[in-house]
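Each in structure tokens, the structures are laid out below.
The following pair of complexes shares a single chain, chain A, combined with chain B in the former and chain C in the latter.
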Partner chain A sequence: MNRRRTAALDLLIIIALTLLVGSILILACGAGPGEALSLFVQGIFKNKSSMVEVLVKACPLILTSLGCAVAYRAGFFTIGAEGQFYIGAMVTTALSLGLTGVPGWLRIIIALAGGFVSGALWALIAAVLKARFDISEIIITIMLNYIAIYFLGYAVRSFLMDPAGNVPQSAKIPKDGQLQVLMQGTRFHAGILIAFCSVVIVWYILTRLTAGYELKVVGLNQRAASVNGISVIRNIILSAFLSGGLAALAGGIEVIAIQKKLLEGISGGCGYTAVLIALIAGNRPFGVLAASILYAAVQSGAGSMQRQLGVPSSIVNILIGTLVVLILAKDLFHPRRRSSGADTQKGGSGV
Partner chain B sequence: MALLEMRDICKSFSGVYANDHISLTVEKGEIHALLGENGAGKTTLVNILYGIYTADEGQVLWKGSPVDFHSPADAIASGIGMVQQHFSLVRRMSVLDNVIMNLQGNSFFLDRKASSRRLMELADKYGMHVDPQAMVCDLSVGEQQRVEILKALYRDVELLILDEPTGVLTPQETEHFFRILRTLKAEGYGILIITHRMSEIMEISDRVSILRDGRKAAELTTADTDPAELARYMIGRNLKEAYDLDQVSSQDALLTLENVCLQGGGRVRPVNDVSLTVHKGEILGIAGVEGNGQKELAEIVAGVKRCSSGRITLDGKDITDLNARRSYEAGISYISDDRLRDSLVTDMDVQENLILKEFRNEPFSTHRRMHFKAITKNAEEKVETYKIKTSGKGSVKTPVRLMSGGNQQKLIIARELTDSTVLVVASQPTRGLDIGATEFVRECLVSQRNAGKGVLLISADLEEILELSDRIAVVFGGRIVGILDRKDATEQQIGLLMGGIRQKEVGA
Partner chain C sequence: MMQQILTLSFMTAFLSAAVRLAMPLMYGGLGEIYAEKSGILNIGMEGVMLCGAFFSFAGAWYSGSLAVGLVCGIAGGIAVALIHGLLSIYLAKDQSVSGLALNMLTLGLTSFLFKLMSAGQGYQQIQTLPSVALPGLSALPLIGEAFFNKDILTYLLYVLLILTHIFYKKTNLGLSFAAIGENPEAAASAGVPVHRFQWIAMLLNGILGGIAGAYLVLVQLGVFTEDMVSGRGYIALATVIFGRYTPFGMFGAALVFGAANALQIRLQTIGVSISPYLLGLLPYLITIFAMLGAVGKNAKPESLSKPYIKGSR
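Entry: the complex of A and B
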């Protein structure tokens, strides 16, 4: 069987089914799919600002998904990007507001670095429990997310609350401590460049350095790693550290580049979306970059569709859910395979 | 009319014939042996018979009428039972519950008393004594096999398929097992037994079918043939002569273990007070039924596990506390008994697997940067030297999981046996390999020995131990129960030691 042709066929089936579901939903709320699609495309490509806006939306997704991809490569199935994002946002806010005597550029660096390290350490809790005691990282990271999310709620009502206001949010980050807009008339900020650089750096680590090789071995076969002298514990901890740091960096950038203050719900759930994006991207850094931008573009387009046509933008989330399910279940398109091999037989009976 | 007849069975996987027009009959009261190398198509054939695969062409006749099984349940319902090489028992359930599990005609409430009575009757009839209440995980391998057979008999099968049934048994257990088979045969059961051991075929079977490369090479009446003829049909040429181990091994100790113990989870120590020496230029064979501590022993020497007490030296240096990485750097090569789990990353390709031990060193990396040109070049050289067949145009970028067991093992050997190797720890190095690959692996071990290196050979295959070892240590219950010299050792004697009977009682 020609594997490449099968993969292309799979992709076509997936796209066709997704479009079908989308068209039905659009028709059902009384709009025409053609018009909706054209508004969708306009929402993304209308002008320079709208295109840059896609990158602004993609920025936190790139960093958090990259973090997930690094962890998944090592077989560390964290769901913790959301919590790490919050921790990074909090620590970056605290440092940005607290270090008043430090020049602005240095304060930005310290605040983001501090955020990175704090998120990395936060991720280490789950990594150590996993590596040393074999406790499920999935459950631990989900619980740590709750702790981080509600601790932020506590923080913006107490020690990080803006003394001048009475809403649960921090004081505004001083102008010189914000990441500046680099392109007039848009929101293109320096954080986007940081995200792009992170992709390249992580790609280099994963594919060109011995550390990446070790991570891959540990992720694919822990037992073989330890028998052949590669430390499983060290690698899981390393990947968790990097993973948590990247997610926290996303949180820090969101504070000092976009919101300019700390507030509840600041992540927009991107720590959870990151899990999906890493999955779709096959844990490859440039795949993560592409999938994040695509995801952000789809969101932008859906936004414009909703504003001008009244088509609920929830449709997009339904379609993304459909897409992920179809990608994971694509073996179902090939019923013939089931009877011929023991390995696919497992897949067949498991559904 | 034959009990079972398979006519012109064909089955191909992605264009390669696993079975190419194979025909086979089994009569009532007959033991029919199926012989062939790994990959010859034996397993495919019985899996078709048992309803796991569907044949592309051909017909299966059961008692004269055509049948078409879609699952093992169909086969069992018709009266065909199979004991797989790896048992399909639920370890934490009792023998009785395993036997009556998923039985057709089970009502909502189980009548365990009646079932137990029937099971005992069957067990008595065929001399397979088991306690229905015992937990499967507490049984020996031989007893578990008996449970599997009883499970099939309980379902009123008339044909029993046995896949490599003696691989895990001691010689004494094998004898007992053969007695059971003879009783079953006398009762009129048809038996199809898959094995690669010639001596057993000669002893137990009435007829033997030999498969080679998916085709039937011959069908012979056992009484009219001999092992040499069987081997000729099986591999298409004559077997190699015995290895030349006459050159006396030196008296210089290379590896010494002093009172090495491993504390297990329970009260029993998996490795208990083991002391032994491997000399330079010597193969020390460790014989024993699997699960008597030899795997743990190998892992302790290779640095994968750490012993809880005792002392290990290599060439005079203390290596007791070295981890796997440091042990390798000290010159210990390790060929594990579990290739897929311990030695290979099957989703990675040939070249990546070949640097699993050396990726930190030049020329594969400098200052943590990998050099892919050197990695590819190394792989191409190794593939050529060791004649590793990578499916897919000889590419070194083939994922290891697509390769055959023999080629996977060659890859491991190509990686592990280097110029800096001092001692080879080889655990079941030829398990599951075909004859060609087995010969190759054995030759590699012997050439290491002849180059003055030490080899610690752990094997459950007595023939292999006797053929290769200068001295033979037998383990039982985590202890060394006897060390024999090659020239004094007999299969009988080792067999008794493996069963836990001490050396002085054997009268060595």
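Entry: the complex of A and C
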């Protein structure tokens, strides 16, 4: 059978089943599907502001997923974007509040760059343990996430706490240190442009530079890489550095463009979502861009359903989880091909 | 402060809390030993436990019976483990991806169902499983209270640990179950039904992971909260590695994590002036050091997370 037609058919079945699951869940909440659908669409396309809001929501996802994609290309299966996001947010906040004598534009650059480097270094912990001692990066990065989350909880109650208030959050970032809104009446901020540029830069690195090629070789076959003089350790560390930096950049932008202060739960779990978005996008930068915007749109629509109909927004997690499970399970749709379906797996990213 | 810590009553309470807090890790870790020794890595243990926790709460709440709750929790755990089995055994897909997707799916699903169930209002606690003191043993100083004045699920775990140890060390069947995680091709040519054994291992993984989640609800807390497993599934994976894939090694490792957690809580209750948030990150930090400590002792099954495809080499 025609391979491309089978793939298209698979995709249709997967989307149809995901929508079916979504409809069942909405019905289970006692909401009418027609009404729910119209609210869902309204949540995304109501006006200019709501459409821009999709991009605002997509911005942290683009950067964190891009980070995951870079790491996965090198076979470094990090789940650490969540923690790196927090570290980036913390360091960017500290620099934004601390560098008082520096002009605003320069402070923004230093704060974001500092955030990037701190997240990159944070990611290096897991990369070094993986490269030197072959310790599972999956478990280490998840542990590092919890450490970062607890540490942020400590920070906003102590050295980063707003001295003027008694709630666990930092002082407000001064106006001249915030990323400005670029489009009146919306929240379109300069960080979104940074995210778009990052996609192009990472795409260029991965597809046009030798470094990107080496990364890919290491990800596909470590032995072949080292036999051909490509350093596995160096590439894992490089990919982790870039990956952690991008996730931390997302955290920094969230602080100085959206929240304008540091607070707990600031990531909204996007570091975990990013893992699945990168996988769905096949670790391709422009795929990541598209999948992040799509996810953000679904999130916007679901948010509107939650406000109007009380459909819990955790439905988004269910749908993305279902989507990935179905993508993995797609060989079930045509059992005869199952034995050859094994060629799609990557040989396991073991613990 | 030191004087407060070094009293017998402090140590007894501390050790007792350590065992109690380690119990979900031990059940989860034991389930993961069965899976990983047969070559299946279940990163989705977090999701297995979360489903175990939610469905045990729902079951116990609607029926008013802890036994029904436990059965429901086990069923929830089995469901997640078997989906992972379908993807990783039958379809030979990447086990890490499958596990992570299941974690996201179960996190969403349990939160969603819990919101529907509670309809915005809070739940009261359910009655938790009572402790039963073992006569004689529970009178031992220090360890008696900690290990032998516990709920029946704790005692069940001791039995399961010993049985698992005997199973892998002393029986031919156990040897076959371990062989398929080392070299499935060789095991298959020796007549071991690799896939069937992997399915059985995943079933055990689901049962034990389900109990692990149910333990949180039915013994420790009496309530369900969103994302209540909060990383214990992943820590359970770490205890297996740290414990070098043996039941008793895992038991010791889980006890270390339980102790870290108990210490954190105990120090807070006696009013030590360290931020609870700094103490809260202690168990996770210890996990990382524990993983470092296990470096070089290569106990990992050779074919862990490599799908076995019949007839391929």
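The definition used in the following text is that the second predicted complex is superposed on the first by the 337 of 351 C-alpha atoms of A that agree within 3 Å, B and C clash if a C-alpha of one lies under 4 Å from a C-alpha of the other, contacts with A are read in each partner's own complex, and residues count from 1 in each chain.
Following the convention adopted for this analysis, a residue touches a chain if its C-beta (ideal position, glycine included) is under 8 Å from a C-beta of that chain, and two chains touch if they have at least 3 such contacts.
Note that the structure is predicted; figures quoted are calculated from it, not measured.
Chemist: Tell me which partner A:Phe133 touches in the superposition: chain B (first), chain C (second), both or neither.
Modeler: In the superposed model, A:Phe133 contacts chain C only, not chain B.
Chemist: Could you look at A:Ala190 and tell me whether it touches chain B, chain C, both or neither (first, second, both, neither)?
Modeler: A:Ala190: touches no partner chain.
Chemist: Touching A:Ser158 in the superposition: chain B (first), chain C (second), both, neither?
Modeler: second
Chemist: Going by the contact rule stated at the top, is it chain B or chain C that touches a larger number of residues on chain A?
Modeler: C
Chemist: Does chain B (first) or chain C (second) touch A:Ile318, or do both, or does neither?
Modeler: Only chain C is touched by A:Ile318; chain B is not.
Chemist: For A:Leu328, select first, second, both or neither according to whether it touches chain B, chain C, the two together, or no partner.
Modeler: After superposition on chain A, A:Leu328 lies in contact with chain C alone.
Chemist: For A:Phe77, decide between first (touching chain B), second (touching chain C), both and neither.
Modeler: In the superposition, A:Phe77 contacts chain C only.
Chemist: Does any part of chain A touch chain B in one structure and chain C in the other, and if so which residues?
Modeler: After superposing on chain A, chain A residues 339, 341-342 contact both chain B and chain C.
Chemist: Which stretch or stretches of chain B touch chain A in the complex?
Modeler: Touching chain A: residues 13-14, 52-54, 299, 302-304, 323-328, 334, 336, 341-348, 352, 355-357, 359-360, 365, 368-370 of chain B.
Chemist: So in the complex, which bits of chain A are touching chain B?
Modeler: 1, 208-211, 213, 216-217, 220-221, 223-230, 339-342
Chemist: Touching chain C in the complex: which residues of chain A?
Modeler: The touching residues are 25, 28-29, 77, 79, 129, 133-136, 138-140, 142-144, 146-147, 150-151, 153-154, 157-158, 272-273, 275-276, 279, 312, 314-322, 324-325, 328-329, 331-332, 338-339, 341-342, 344-351.
Chemist: Name, in rising order, each residue of chain C that touches chain A in their complex.
Modeler: 36, 41, 43, 83, 86-87, 90-98, 100-109, 111-112, 115-116, 226, 230-231, 234-235, 237-238, 241, 275, 277-278, 280-281, 284-285, 287-288, 291-292, 295-296, 300, 304-307, 309, 312
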